[in-house]
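Input: one structure, supplied below.
Each chain carries a letter (A, B, C and D) given by its place in the written order, and its residues are counted from 1.
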C-alpha cells in the first residue's frame, strides 16, 4: 500500500488494529430462512445492472440469516469479542445470467452491524443497516420441542421505523441439499468519487469466489412472503407474484474475495 | 380484577392485547454460559435480603443466556413475532439458605428487552436493560467446526456505556447434568409506593416454581470471570476470589409463578 | 424498609447504588410535539379504567417528547452519565373525569430506556420499550434555518418491528401557553401478584403531583396523526376521527410523586 | 454512470430511491462538545497518512456532536423521516500540514447510523458504528436551568461493548468564535479491491470543501478527556499529554464534496 498506515480498509492505523474489517478469506456459519419466489419479470429485469441479463426461470430468493463469521487473520474473533463476529442479515437475490452463466445478483440487503456492512460494500453487497428478527426455535422449550413438520419460523426486517419484509415458513418435510438454489453471485461494486457525483471511482461487475460450501439440516417448507412499501426503498417492487416454496437450513462457507469480470466505469 | 380493562399486567386494555407480558406459565429454552465462583463471603452476605442467610459453600453463578420464551396464552409467539419472544440475559446468582433450605438469590440481572424485564420484576428478578453479547459457535463455519474440547466461548455485558462483566470459557470435556448447580431461586419482589418512597407497596420473599427442567449438551469448561466497576452498579463487589469452573449447556423449563414465603413490609 | 438492603426500587443493594431509579422528586425538561385530536368516543370510553368517566369534550393528546431528567438524589445525572438521564417518549393521553375533576389518563406510552420505563410503572404510566424518532430542527443547518411558520416536524414510533404512530406538524404561528391542554393525570398503578395471576398485588387509581410546570416557545401547528394496527397493541382503536390541532413547545416540571385516590383491588 | 440503475451510491436502483446516501451538497446543523488537547507528538505523527506532515503546535480535537443533516436532493429529510437525518458522532482530529497548508486529519471517528457512516467513507472520514451519549442540558429542567458558567456537559463513546472515550466539560465563560480551531480537513479516501487485498481500488488524499460555516453560542470550558484501550482500536495511543481547553458551541455548514489532492495508489 502506498501509505505508512496499515490495514485492509479504513480506518488505516499505525498498528493495523483499527480497521473495521479484516482482509479475506472470510469464513461463515449460519442458519437460513429461505423463500423461493417469482417477482414480476419486468421488475426483476429492472434491478439487474448491465450487462447482467434476466434468467428465463425468473426466480428470486429472500434470505433471513443469522451468521457467525471470522477471518484467517482473526479466526478466534467469535471468542475474543462476539459482537465483532456475529450478525443477522436479510437479502433478496434475483436470478440472472452473465454471458450465459447462471447466477444471482443481490439488489437489496440489510445487516445489523458495521463490520459486515463495510465487508458487504467491498464485495458488491449493497448493505444498509436494519433490525432483523428471526425465530430461534429452541428444542428444549417445553412448548416448542424439536424441529419437525409443522414447526413455524418467521423472519422480520425493519429499518428507519418501517417494517420492510416478513417471511413465514412452516416445515413440511426434510429436504435435500440438491433442492437448494446454489447461490452464485454476480455483484456490482460501486464507490462514488468525491469530486464528481456523476462518475463513480469504482464500478465493477464481480463474481464472488466461494469455497467450502456445505449445507446441513435442510427442511422443505411452505412459505409466505410479504414486502412493504417505503419511500426509502424499492424492495416492494419485487413482491412475489408466486411463492415457489421455502427452506430452512444451515450452511458454512468461505469467501475468498471476488473476480472482477468487467470494469463498467 | 377490579377494573373493566383486561390483562395480566400493564398496559391493561379493552381487548387484553396490549399488556407487555402474558400470565404464567412461561416456557423457556436457552443456551447457557455458566461460571461457578466464590465471591468474598462478606460481600456475598451483604447482598442477601433478610431473612436469607449465607450458605457455607459460598458459591455464586454467573450466567449468560440466550432464551426463546413463550407462554401458554401465546405458545406460538416465537413465530408470530420473534422479537417478542427472544432475548439475551446476564445474571449473578448467590448461594443462600432459607430456613435451612438451600438455594440461590439473584441480586443483579440484565436483559435486552421490555417483556422480559417486566416479567422479571413480577417474579423478583431485578432486571435492568443492557447489551448482552455471547459467542454463537456455528459448527459449519469452516474455521470453527463442531463443539469439542478446546472450543472457546465468551459472554460480554455492557450497560450505560460501560462493560460490566466478561466471562471466558474453554470446553474441556463433556459434562454431566449432575455437575450442574440446581437453580432454586429465593427472590425478593419489591414495588415502590407512589406516595411514600420509604415504604414499598410490595415487599415479599418468594420461591420460584419451576417445572419441566431439562438439561442437554453439558460441557465442563475452564473459566475466567471479570467484573468491572461502575458508579451505577455494585456487581464488582462480588468479583471472584476463586473461580471453581464453568459449564456450557442448554436447558428448558417452565416457570409456573412463585410461592410467597414471607411478606416483609 | 424491612430489609437490610438499600434503594427506592429494585435492584436493592448494600450501598444503594444499583437501583434503576432514584426516589422522587424527579425533574424534567423536554421538547414536545403535541397533536390534539378526538378519537371515537366509544373507544375512548373503553380505555378508561373505572372509576374514571369520559369527558364530554372527548379530546386526546398524542405527545412525542425528548426529555432530560434528573432527581434530587442525583441532580447532576445528565452530566455524570447522559445515558441515565435522557430519553425519548411517545404517549397518548385521553381526557377523562374523576368525581367531576377534569384530567387525562394515559392508556399507552413508550420509551427507549429502562430507568424511565420502571419510573413510569411506579407512577402508573404503563411504559413499554420502543424506538422513538423526532425531528430536531437545527436552526444553523443552512437548509433549515430558525423555527418559523412553515417549518415541519415529525414524530415516529416503532416497536417490535412495526411502525405504530406518526405525527406530522407544520408550524403556523406562535402560540400561547393558555392554548395548551393542562396535563393533569389520573393514572392506574398495577403490579401483578406472583401467586395469583387474577388478583394484582397493587391496583390503585392515583393522581400525579406535578409542580414547577413551565412552558416556553409555544407554536401553534397544523397537524396530522396516523396510528397503525398491530397484534400486540390497541393504539389504533384510538385513531383520530378529528384532528383539532397541534403544538410544539418546551416544558419543565417536577414530579413529586402521586396521591392514591382509591385502592381498586 | 455506466449502468442502467440510478443513484449516487449503493444500492443503485431503478427509481433511485434506495441508495443509502444522497449526493452532495450536504447541509449540517449541530451542537458540539469540543476538547482541545495535545497527544504524544510521536503518536500524533504516526497517524498521519503520507504525505501529511505533523504540525509544530501538535494540537488535536475531540468532538462529540449531535447533528441534523439534509441534502439538496432531500432538503426536507429531517421532517420526512428524522431517523434518516439525525445522528450522533465522536471524532478525533489531529493537526497536520499539507504542503505547508495547515489543517486537521481525522484518523478515528464513530457514528450511530448507516447513512452517515457511508457518507463518511465517501469523503475520507473512516466511520465505524458506536453508541454516542451526550448531555442535553435542557434549560427548563428545574434542576438545570439555562446554560451558564458552572454547567457541566459530558460525552461518552462506547463500541463493541467497551467505553472508548469520555469528555467532561465545565462552562467557564462565553467564548468567541475566533477562539475555535478552524476545522479544515485533509482526509484519506480508501476503498479496497476485491481481487487484491494489498492494492486498494481507491487511495486518495482529499481536502473537504466546506461552505456556509457558522458558529453560535460559543462557551469556553474547562475540560477533561479520557481514552480507554481496546483490542479493536488504537484511539488510546492519542491520549492527552495536556488538555488545552474545551468548548461548547453550535455550528452549521455545507459540505460540497472534496478536492482530490493526490492519488496515492
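Details
Keep this in mind: a residue touches a chain if its C-beta (ideal position, glycine included) is under 8 Å from a C-beta of that chain, and two chains touch if they have at least 3 such contacts.
Quantities reported herein were computed from a predicted structural model and do not represent experimental measurements.
Interface note: chain A and chain C, two copies of one sequence, contact each other through mostly matching residue numbers (shared numbers exceed half of all numbers used).
Comparing the CA-atom centres of all chains against that of chain D, the greatest distance is found for B. With C-D and B-D as the two chain pairs, more C-beta contacts join C-D. Inter-chain spacing, taken between the CA centroids of chain A and chain D, is 30 Å.
Averaging Cα coordinates per chain places chain B and chain D 40 Å apart. Centroids of chain C and chain D (each the mean of its C-alpha atoms) stand 34 Å apart. Looking at chain D, residues 80-81, 83, 131, 133, 156, 161 sit in touch with two or more other chains. In terms of inter-chain touching, the protein chains here all touch one another pairwise. Listing the residues of chain C that touch chain B in their complex gives 1-5, 8-15, 17-18, 20, 23-24, 43, 46-47, 49-50, 80-81, 83-84, 107-109, 113-114, 117-118, 121-124, 126, 128-129, 160-161, 188-195, 197-204, 206, 231-235, 237, 257-260, 264-265. Listing the residues of chain B that touch chain D in their complex gives 131, 133, 156-158, 161-163.
Looking at the complex, you find that chain A touches chain B at residues 27-31, 66-70, 72, 75-76, 78-83, 85-86, 131, 133-144, 152-156, 168, 212, 214, 216, 250-254.
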